[in-house]
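Pasting in a structure now, in structure tokens, and then I'll have a few things to ask.
For reference, chains read A, B, C, D and E in written order, and residue numbers begin at 1 within each chain.
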Amino acid sequence: MTDASLREGPPKVRRWSWTDPKLRSLVLQAVLGIFLIWMAWSILANAQANLARRGIASGFGFLENSAGFGLVQTLIPYDESMSYGRAFLVGLLNTLLVAFVGIIFATLIGFVMGVARLSSNVVIKALASAYVEVTRNLPPLFQIMFWYIAVLAALPGPRQSLSFGLQPLINAIASGLNGIGLGSVGAQLSAFAGTLAAPGVFLNNRGLRIPRPVFESGSTIVGIALVVAIFAIWFTMRWAKRRRVATGQQFPVFWTALALLIGLPLIAAVVTGFPVTFEKPELRGFNFVGGVPVIPEFVALLFALSIYTAGFIAEIVRAGILSVSKGQSEAAASLGLKPNLTMRLVVIPQALRVIIPPLTSQYLNLTKNSTLGVAVGYPDLVAVFAGTTLNQTGQAIEIIAITMAVYLTISIITTMIMNWYNRRVALVER
Amino acid sequence: MSADPILAADVAAAPPTAIELVSVNKWYGDFHVLRDINLTVKRGERIVVCGPSGSGKSTTIRCINRLEEHQRGQIIVDGIELTNDLKRIDEVRREVGMVFQHFNLFPHLTILENCILAPTWVRKMPRKEAEDLAMHFLTKVKIPEQAGKYPGQLSGGQQQRVAIARALCMRPRIMLFDEPTSALDPEMVKEVLETMVSLAEDGMTMLCVTHEMGFARQVADRVIFMDAGQIIEMNEPNAFFSNPQHERTKLFLSQILH
Amino acid sequence: TTLDDVKARGALNCGVTQGLPGFSSPDDKGNWTGLDVDFCRAVAAAIFNDASKVRYTPLSAKDRFTALQSGAIDVLSRNTTWTMSRDTSLGFNFAGVMYYDGQGFMVRKSLNIKSAKELNGASICVQTGTTHELNLGDYFRANNMKYEVITFATIDETVKAYDSGRCDVFTSDQSQIYAVKLKLTNAGDHIVLPEVISKEPLGPLVRHGDDQWFDLIKWTYYALLNAEELGVTQKNAEQEVNSANPEVKRLLGSDGKFGEGIGLTPDWALRAVKLVGNYGEIFERNVGKGSPLGIERGFNKLWTQGGLQYGMPIR
Amino acid sequence: MDVSAPPAGKPSGYVSSAMLQQQPPPVSTTGPIAWARAHLVGSVGQVLLTLFGLWVAYVVIPPVVRFFFIDAVFTGTNRDACLPEKVGRDVGACWPFIWAKWNQIIYGFYPEPERWRVNLVYALGVVLLVPLMIQKVPGKRLNALAFFGIYPVVAFVLLTGGDLGLRGFLLSRLGLGGVFTNIGQAIGLRSGFWPDYVVSALLISAIVAAVAPVFAGNRRTAGKGMLVVFAVLGVVLAAVDIPFGLTSVRTDLWGGMLVTLVIAVTGITASLPLGILLALGRRSQMPLVSIASTAFIEFWRGVPLITVLFFATYMLPLFLPGGVSIDKLLLALVGVALFASAYMAEVVRGGLQAIPKGQYEGAAALGLPGGLMMRLVVMPQALKLVIPGIVNNFIGLFKDTTLVLIVAIFDLLGALRAAFADASWATPTTVVTGFGFAGLFYFVFCFGMSRYSMALERRLDRNHRH
Amino acid sequence: MSADPILAADVAAAPPTAIELVSVNKWYGDFHVLRDINLTVKRGERIVVCGPSGSGKSTTIRCINRLEEHQRGQIIVDGIELTNDLKRIDEVRREVGMVFQHFNLFPHLTILENCILAPTWVRKMPRKEAEDLAMHFLTKVKIPEQAGKYPGQLSGGQQQRVAIARALCMRPRIMLFDEPTSALDPEMVKEVLETMVSLAEDGMTMLCVTHEMGFARQVADRVIFMDAGQIIEMNEPNAFFSNPQHERTKLFLSQILH
């Protein structure tokens, strides 16, 4: 019965039938497409007509008008004589700052708590569970206000500021250098420390102030040294990995990197005679001026958002880890891998594909929840732009459109990055 | 066939008793799952364990590399007694390879990466060397050409052979197999069994839970029959199959040999 | 027209604050009370002879203008400062000034500050979406001083931050400062500085484009002032209809048909006063001596007593 | 192949003489001491952690108890009761404030004589929901029908007063309205709505039946299905149209817990089906359907809800044909539901992805058509898998109800905040008391959901394993 | 043994040719997986398909109930030609039962619910009747007492028998089996094969991919050997096993018969 010779099959006739799924999907799509286009068109037409009828001013010209209000945290230079457009930028950067740092913290805390919920130690487990239940079940607004009041209550007024000096530390280093026969360098260092004049760091209920470095002419060399150090670290990491691959030997990358990062610029600074001075915060009148401020609004918002979101992330991580079958960690253990390596090399990489999609949702949520910062006076995008600016100019359509567009952009970029990462960790299957 | 040179060196250096179980007892909660198990496996011995489902076969061999903790008695593997000391456990696990019924390959790593993971991280072997070793064993189990694929892309028999190769890459002195063929097609069973036979010929110490009686007859030095957490009967294969002593063994063998 | 819409709906849509002591807040029974609220009730009384036919829309500072622009409310009676840009480019008409206010400062006594001129470098807590932020900017720039401003969404949060020591200064309309003092941990530790840095005429406003409605709101306001000036009160309004005073007669509709000019019946003002009270009564009840706030009338006295409240003649 | 030679010392056979009996485990591995050693003080690290846990409890619990109970004031009629200078001691929470504002917190501005209606709705909800949640109570189908089908209509009628006074929408445009209205009145019907309804029901069913073969198999079932849908809808509409003699209460008078629960429950019940549809849409083979669903999901996930609510409440009138005004509570409900369903869609999609292809094939091989396959085989498994994610969403949604303040409706938190503005209750601790109370409220509900879901998860799990 | 009365009625009413494949070709992308397959299965015929892994056996029977689409040629099942028409596909699937290697039971439903799902929803059978039918078939596969359990609570052999019962509950005229025993323990293989033998005795049309040669000898009317997407050899079992014609077949049989 073997018939290996392929004879031509019957001519292929495409019969059109109402039940053909291809045709069906074509029809359905056409209907949907027409509907969507009609919706968009009618909304736009209505808006145009209404705006024209009510004679409401529109356009983006207002962005160039002078804003006239001050802002408490500005990552770029800003004062009230600058434009609304500038205020928008300030608000956007503030949102991005708290969202970015918050995402990092939330991820760290969330992973730790998620793993802790699976711990065999009852106390750790109970603490982690309590953490999740409390943070997840209280509205974020409350948590933000709680941290704000807690932070403010814990800190003294400006006049009773807690201060931390750098001088004792530097003196100690200098005497250490002296001890190992580098007295001249040590002397130079303490002279530099003298220019720092302790104390330089202040903490009070107006926030944290740290000295602002002011770079003088020779400082380019230090900068170059820093860049060199970073490159050196990069090369060291690559070399260390290659060495591990080649010989199986581990190399203390972290400590080397730390040494390079501190050592190289320090040497450069010694050679050039410490060309950096610091603008120290000074108590003048009501509060400190100068230096770099970290405001309590930011701290409270950051705490609250990280801790709140971490509660959700912990659950996601727990579910992710549970989704990796026990056989995987048993197999790793039976190969002699220690628990931390098992977690790092086997469990987490597989858990990630379960974790990442909901994690993305949480990142988006954190970013959006940062708008709640308005309750504690954090000047984020919504507070500055969709709040104060909207109120001053009244141009609701433009402002809300811009705000929505900005958030959409942020979230789409986040989603894209996460999807890209998701594809990287996705399993290859048949 | 001559012994595998890569393995031979290791085997020679080891103590003469590979595994010793002395009065081992284990409970799951209140359930007494292993009852007074005594067993001595000499180096190079090949032992097949059989018995009805739930009799404690898996538990026994999982205790041997401490995937389960036993509560009473002693387990000495490769001269090292298993206690709560994590270091010792790691040492033992390095010397004991295990092949699971469900393979438990790491799906996010390629076949080659699966094989070199432990040698590079645990034995700190250079990657090149580890890869050579891996390819050696992959060739031995006849799937060197699959090295770059992911486990999800292989057929079941191929996956099972990867699991064996992965365990061998740690160059263990002792191999434990937990029903390595029960999830396979008949054709693949053959492939896997052949691989195991060739290992057995290399003088590896092997403890194998299986119901492939052909394999037991061909390879085993001793066959152990377990029931209800106890070793009921233990004998060399010919005697075991032709002349079972215990009633329970007779019943079981009558069911399984068709 | 707006009046037709209101009549058809059977209720006035009135935008108020989401809670500002003395101006608009729900009491224990859940009734809206306050100066701004009473104005809306007066308008409803004038239209429907029923002061309760008002639907309140509690608005935050930033929502209020959009709400009025889009027609979600008929009148915004929500301590809104009358400014030129709001009157012109936002497309609104201000109907009058219910409360002459000015922005002031509150500080801790322990700072030993006597004048706002000493506030250089201070941290200032302010509620967002008001003219206060802008006034602050102007004032500090004009006096060549620096400041740090922390802006909060609601007044409660602003107070809480000030009370916790986050700021040296709390700034707001003076009327609010008095209201807020009640919530401080130790009200006695704080003083209000003498400077008033801005003019804050707060009043009701309506959309451009419906002059009759604008007139109705405006003249209701004047009627309340005139009633006080003429001694017509909630209690005596019914009797005063028969008053001999021609001014009172015109006000209460027993002489002339002034109400028809705004689309109502001649006795519209009688209804408003009878059901809600005259301006003086409304003031005292909500923010003056009859209330926990106890604010002096100050600028809000009638012109006859040296204040600024001046009701245009009904004639 | 040759059997390799046995090793030197040939093992002798062994046969167990007697079966060993089950023995109790050694005490050291069970009992409280073993438990404590394993879980509390096994190592230095564990001891430290145990101490740390105790310390945290010590730091947190006493001050909270002190503020809310020991130092708290429980009776009083105005702010004087809670002022330290009047009371002469440190004052913690000011509970009389909560008692005074209790009605607002629970009912908002709901008119006092009508509040029994709200209470009735609460009571009915509890009576229907509790047996639904307890597995042992029989009659789940009937119960579910009552809770998801009848209860919403009853609640709607009770809360709003019903009697919507539906108007005709179709025939009058064709100039036929008068005729039917007259006939309707002649036979005692109230309005011209029902003739319109019947005509359009028949029309649409006919159209559906006509195009049915394009989308699903059978024209008769499609037409019949459509008629059933219309019939059910008709019953609902009739229910809300009948004048029961209840005073109408507009939604802008609703508030407090009532609004919080209405939004939360609506959002929760609407977001699941919508989310499922969106998830199916996103996975659809048809590019346009999938793109539209994806765009919808990403839009709602990406935009802060407050801007959307702001837009819908205050700006939408600018985008709609003149004169159209939408109930604000309805807007908030729709906004919250859509927002939640976008999140739900992603969760459900995750669950769908986890169902092995074999399940689809198994169902197909039995002849189950696509719709039934999804409904009977795939969805139940997918949803079970993602219960934690679903509950995460429910909890998030419950807390997001606070955002309706934007649409000028006072939910529980909004009512409290408005109450803070009452000068006769202005004290230093009023705000903290209010937030403490609200926090407790949200915590109780969210914690309840979280625990119930865990129990549910465990129960469903047990059904499937040994 | 007499034919099953419940089945008999259906079988009688059907056309005499159960399955007809005419020049069926199928590609996965560019990979030509089925090459010109011609096959006619008469009603009541029992056919065993064997062949090396990857030869297209599964693909063939999956095409027969349209789990896969073929690109050229005709497949006529029970008198209905398979096209894109969804209605016809559903009709065919109703008449064709399939038993998968991995059972594909619905884990969220009990055994009984698994069995009555399709009859009640697709055949619109009253629930009572469907349950009776299900119990009938569950008794036939000897697990009536498991009806209330969930699939996860059964052993592999029991699960596979449930899968058979579930397919039978639709009272199909044709049954397709895709390696129904290859995922089972040796002990369980026996149970399932016995069930299939008893079905075969009832005169059901069967197409079975399996390597259980004992089963093929005992039950099959014809044995088909496939390789590389083609039917290489087809014969009645005795001739097929004792006297394979094609070289490839000889090689294969030599490997598989141990």
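Convention: a residue touches a chain if its C-beta (ideal position, glycine included) is under 8 Å from a C-beta of that chain, and two chains touch if they have at least 3 such contacts.
Which protein is which chain? UniProt says A, D = Amino acid ABC transporter permease; B, E = ATPase.
Since the model is a prediction, treat every value here as computed from it, not as a measurement.
Colleague: Hop distance check: chain A to chain D, minimum number of steps through touching chains?
Modeller: 1
Colleague: Could you say which chain's mean Cα position falls nearest to the mean Cα position of the entire protein shown?
Modeller: Of all chains shown, the one whose C-alpha centroid lies nearest the global centroid is D.
Colleague: Calculate how many whole Å lie between the centre of chain C and the centre of chain E (ATPase), each centre taken as the average of the chain's C-alpha atoms.
Modeller: Distance between chain centres, rounded to whole Å: 84 Å.
Colleague: For chain A and chain C, let me know how many angstrom lie between their CA-based centres, rounded off.
Modeller: 44
Colleague: Rounded to the nearest whole Å, what is the centre-to-centre distance of chain A and chain E (ATPase), using the mean of the C-alpha atoms as each centre?
Modeller: The mean C-alpha positions of chain A and chain E (ATPase) differ by 56 Å.
Colleague: So how far apart, in whole Å, are chain C and chain D when each is placed at the average of its C-alpha atoms?
Modeller: Inter-chain centre distance comes to 41 Å.
Colleague: What residues in chain E (ATPase) touch two or more of the other chains?
Modeller: 86-87
Colleague: In chain A, what residues contact two or more other chains?
Modeller: 19, 54, 56, 145, 386, 396
Colleague: Two or more other chains in contact with one residue: find those residues in chain C.
Modeller: Those would be 66, 69, 154, 160.
Colleague: For the complex, which residues does chain D have touching chain A?
Modeller: Residues 38-40, 42, 46, 49-50, 52-53, 56, 213-215, 217, 285-289, 292, 298-299, 301-308, 310-311, 314-315, 317-322, 343, 346-347, 349-350, 388-389, 392, 395-396, 399, 402, 413, 435, 438-439, 442-443, 446-447, 450 of chain D touch chain A in their complex.
Colleague: Within their complex, state which residues of chain A touch chain B (ATPase).
Modeller: 244-250, 325, 327-328, 330-338, 341, 345-346, 349-350, 425, 427-430
Colleague: Inside the complex, what are the residues of chain B (ATPase) that reach chain D?
Modeller: 25, 27, 29-32, 35-36, 42, 44-45, 71-72, 197, 200-201, 218-219, 221-222, 228-236, 239-240, 245-246
Colleague: So in the complex, the part of chain E (ATPase) that touches chain D is made up of which residues?
Modeller: Residue list for chain E (ATPase) touching chain D: 65, 67, 86-87, 90, 93-94, 96-98, 100, 102, 104-108, 117-118, 121-122, 150-153, 166-167, 170.
Colleague: Which residues of chain C touch chain D once you look at their complex with the stated criterion?
Modeller: Within the complex, chain C touches chain D at residues 17-22, 25-30, 55-60, 63, 66-67, 69-72, 154-156, 160, 163, 179, 182-185, 291-293.
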